[in-house]
């Protein structure tokens, strides 16, 4: 097994930020892959919560939707959705929330609602879902997004979910109780908020790319950390586990459904 | 509680202009009921669902809806709901008014509706522009701490339609698996229609499992496969492959319309809809 | 999550002065834990329970409590809680401050606590003098309809103690039967201690049944019979006869004190307490 | 089987007011006996809800507490207590609520909290429990109380639960959505609120008593209805069913409890 894709490296980089026993509010797609990769490698007792109400779930294949039957079958328990948001997320019981979006700004604010004006959209996106309250209440959030100047923008078209708002202590003045974005995992490396300004700063690069490529992918003047970490490439075990998971998953999603007669 | 056919239930409980919630979070989405609403050409509906999913994409694309209350409008794990987008971006086949929330906000609104409170409270919408585009999202001051908290108005549908695994002859409905906001949507509604995979003489002892007692239920409809291409835990799996194929079908107005005519409008009922998919393969 | 003895758990999680909720509505009342708190002579506790029941009657009579948050203080189906009455009417063995609610109000307060909202809202306390004697019951104006609704401040105990049928080795706790406000009291608390009838290697698949995940649980204590004379569904029944006998025991200060000394204080643990009841018979 | 007690007649009179299919919020003691008697005789499909969270329960013996195991085992389902009060009671799903109290006044207001001042009570009673919200939200309430001038009083020591408050349309001005007391079943007969004044009025007498006895039992000047109904005595079937239920119950409550070894 040689070589790896940027998608794989993003997933693996995100998985490495998790720790055993941490309680994750998992979104669909790459976050779900990252969380389950962590569970299948170095964080066997990670607790995965999907907003569908499945708590402590251990799926063998990745769900396509946030509420596939596999999640319920392997869960410690299944609770009504309102409880997930009130008792668990707002209740301060979630260590890590994963977020993605169509746009992010330099303070980690996210847009997943609309490109163009809300009332006359150029592109209508799916919308908020769980994001605004994951962003507010999870003790920390990890954002996972492929970078381009169209997605990493200096001004969002719409503020769906709060990062550090205008930066500095702006977030502390709100009723958000969670710590905000801890890291943004892109397809070139990792941005983390600077200590005082809270501006997203390049702190780690994937092993196969350059600062110049990172800067070209970001629509604002990207700040660099004093010490830039070069991330280790995927280990054979990480890669093998992730590929097997993806293989099981796409096989399962292709499987024909038997309806009752 | 009455046992009705799906046609009767939609005739009776879903007039044009009604506020209608077809709930079920990914699981147990009442597709058959949505298709029957399309067949009966209901118009000006105020559709309510946390995740519109394919069923509302279809109803919106067929012109049933004037307004949508929702909190996440994508095809899960696939991408856009193209019919929803076309209605919002281009007003096709007709403009769609949005009443847009976050999941937490909409869940609080359903809970308030079920409890017959006029509003729900949450720590939510922090720094979010939804507050500026949706005048229904307001705030309130805590009488103890002075904190400002977000409020949402209660959701009380005229009719909630659910799908479930089984009901007994009296109309007690048992749900197994992911429940989403089904119970809250049911309790918040004026009328409650439930399509079920199976009708049994008697349900097993429930204890703490999820049951909607018969006296909350307006009508039970026997409708096997009624959640397809969503799923019914223990009966059949989610057809993830269909969800993926829907992207191409719905992307284009003509292919969408053709698919709906062929598989829904030209079919008298859900059994025939399911059979038509087999023919297509 | 840790596995502790009951003695260790009370030493660690129930200091004098703490706000303590021993919940369980008639079912699964954590008697063993209450007795251990009495043995360890905790004082100035703020006791919280919807229905104080015999366990708080005993704790109040033994001088553990300075304050009581509650909504119904009787011996169900029997009559008064005489030790509670004596504390309120005569300050014996010490005065007891009351924070009194209705069931609906206290349930709303637990829900708010679990959701980490500062207050709960209800249509409640209509025309009720509780509003005049409990300054914590206030009102709020609906930002949509202008209606006045009652509010209660959230309940957030320092520690909630529950009894349950079983836990697994990781500390996942499964509850079967009447749950009352156990889950809300558990989620509202800073620490959560659960005594259980049985510890198993692995719990059966839960799906929609009631489970408190291990990462919410501070300590699990193996304590068979720990709810007696209350009950544990599927393990043993409520000792209704004991509840009836308690009336005579508790009516008189001397007979109460003698009973508590003989059956609780003179016994090192719950097993010995249970054995002492057999000897008495 | 000849003769019957006033307690039996009260229970039977209360049971007769119920109808098949009605949804009852049941309290412990006489209301529980009345509801189950109705279920075992002419209202087999009555729906009984106990505040412990048991819905549609069909106990073979009467519970001593509001949450005996028998209630859970025979229930259509068991839900968390907060849901009973918010989704079911406040949600307007209850047809009939039963209430008892230590004191009642002429407008059906109830005191179950305290005799004497709240801060220096002569007698501390158990308190409100579910009563204030049952009184507010049930479509109608039935009050069941033995009468004496000490319990049927002209002025309550404490207002625990609202009846018609000051009478007339006073209740309509509140946020109470239920209809208030429909009847008060005493140990001499039944009082019902007069149409306009809402004052409790003697409308039915037990077959073995007199208006004079009724008036002597009430601490205010008791109004009489124009037509006074004389209730039918218990039928043999009512009496036999009730006595068998009570016999099963007291036998069950005496049964020794087996603890796990």
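Letters are used for the chains, namely A, B, C and D, taken in the order the chains are written, and counting of residues starts over at 1 for each.
FYI, contacts are C-beta pairs under 8 Å (C-beta built on N, C-alpha and C of every residue); 3 or more make two chains touch, one makes a residue touch a chain.
This structure is a prediction, so every number in the text was calculated from the model and none was measured.
Trainee: Which other chains touch chain A while also touching chain B?
Mentor: C
Trainee: Hey, which pair has more contacts between C-betas, B-D or C-D?
Mentor: Of the two interfaces, B-D and C-D, more C-beta pairs touch across C-D.
Trainee: What whole-Å value do you get for the distance between chain B and chain D if each is reduced to the mean of its CA atoms?
Mentor: Taking the average C-alpha coordinate of chain B and of chain D, the gap between them is 40 Å.
Trainee: Just the number, please: Cα centre separation of chain A and chain D in whole Å.
Mentor: Centres of chain A and chain D (C-alpha means) sit 56 Å apart.
Trainee: In angstrom, rounded to a whole number, how far apart do the mean CA points of chain C and chain D lie?
Mentor: 27
Trainee: Listing for chain B: what residues touch at least two other chains?
Mentor: 116-117, 122-123, 147, 149, 177, 179, 183-184, 207-210, in rising order.
Trainee: Which residue numbers or ranges of chain D touch two or more of the other chains?
Mentor: 72-73, 78, 86, 90, 177
Trainee: Just say which it is for the chain contacts: an open line, a closed ring, a star, complete, or other.
Mentor: Topology of touching chains reads as other, fitting no named class.
Trainee: What pairs of chains are touching here?
Mentor: A-B, A-C, B-C, B-D, C-D
Trainee: Could you pull out which chain B residues touch chain D in their complex?
Mentor: Spelled out, the residues of chain B in touch with chain D are 114-117, 172, 183-184, 187, 205-211, 213, 215-216.
Trainee: Which residues of chain B touch chain A in the complex?
Mentor: 25-27, 50-51, 70-74, 76-78, 80-81, 84-85, 88-89, 100-104, 107-108, 110-111, 122-130, 133, 147-149, 177-181, 183-184, 197, 224-225, 228-229, 231, 233, 235-244, 274
Trainee: Which positions of chain A touch chain B when the two form their complex?
Mentor: Within the complex, chain A touches chain B at residues 28-29, 51-54, 63-69, 71-73, 78, 80-82, 85-86, 89-90, 109, 113, 118-119, 121-133, 135-137, 158-162, 165, 171, 174-177, 252-261.
Trainee: Mind pulling up the chain B residues that touch chain C in the complex?
Mentor: 116-119, 121-123, 138-140, 142-145, 147, 149, 151, 153, 175-177, 179, 207-210
Trainee: Which residues of chain A touch chain C once you look at their complex with the stated criterion?
Mentor: Result: residues 21, 23, 45, 47, 55-56, 72-73, 75-78, 86-87, 90-93, 177 of chain A touch chain C.
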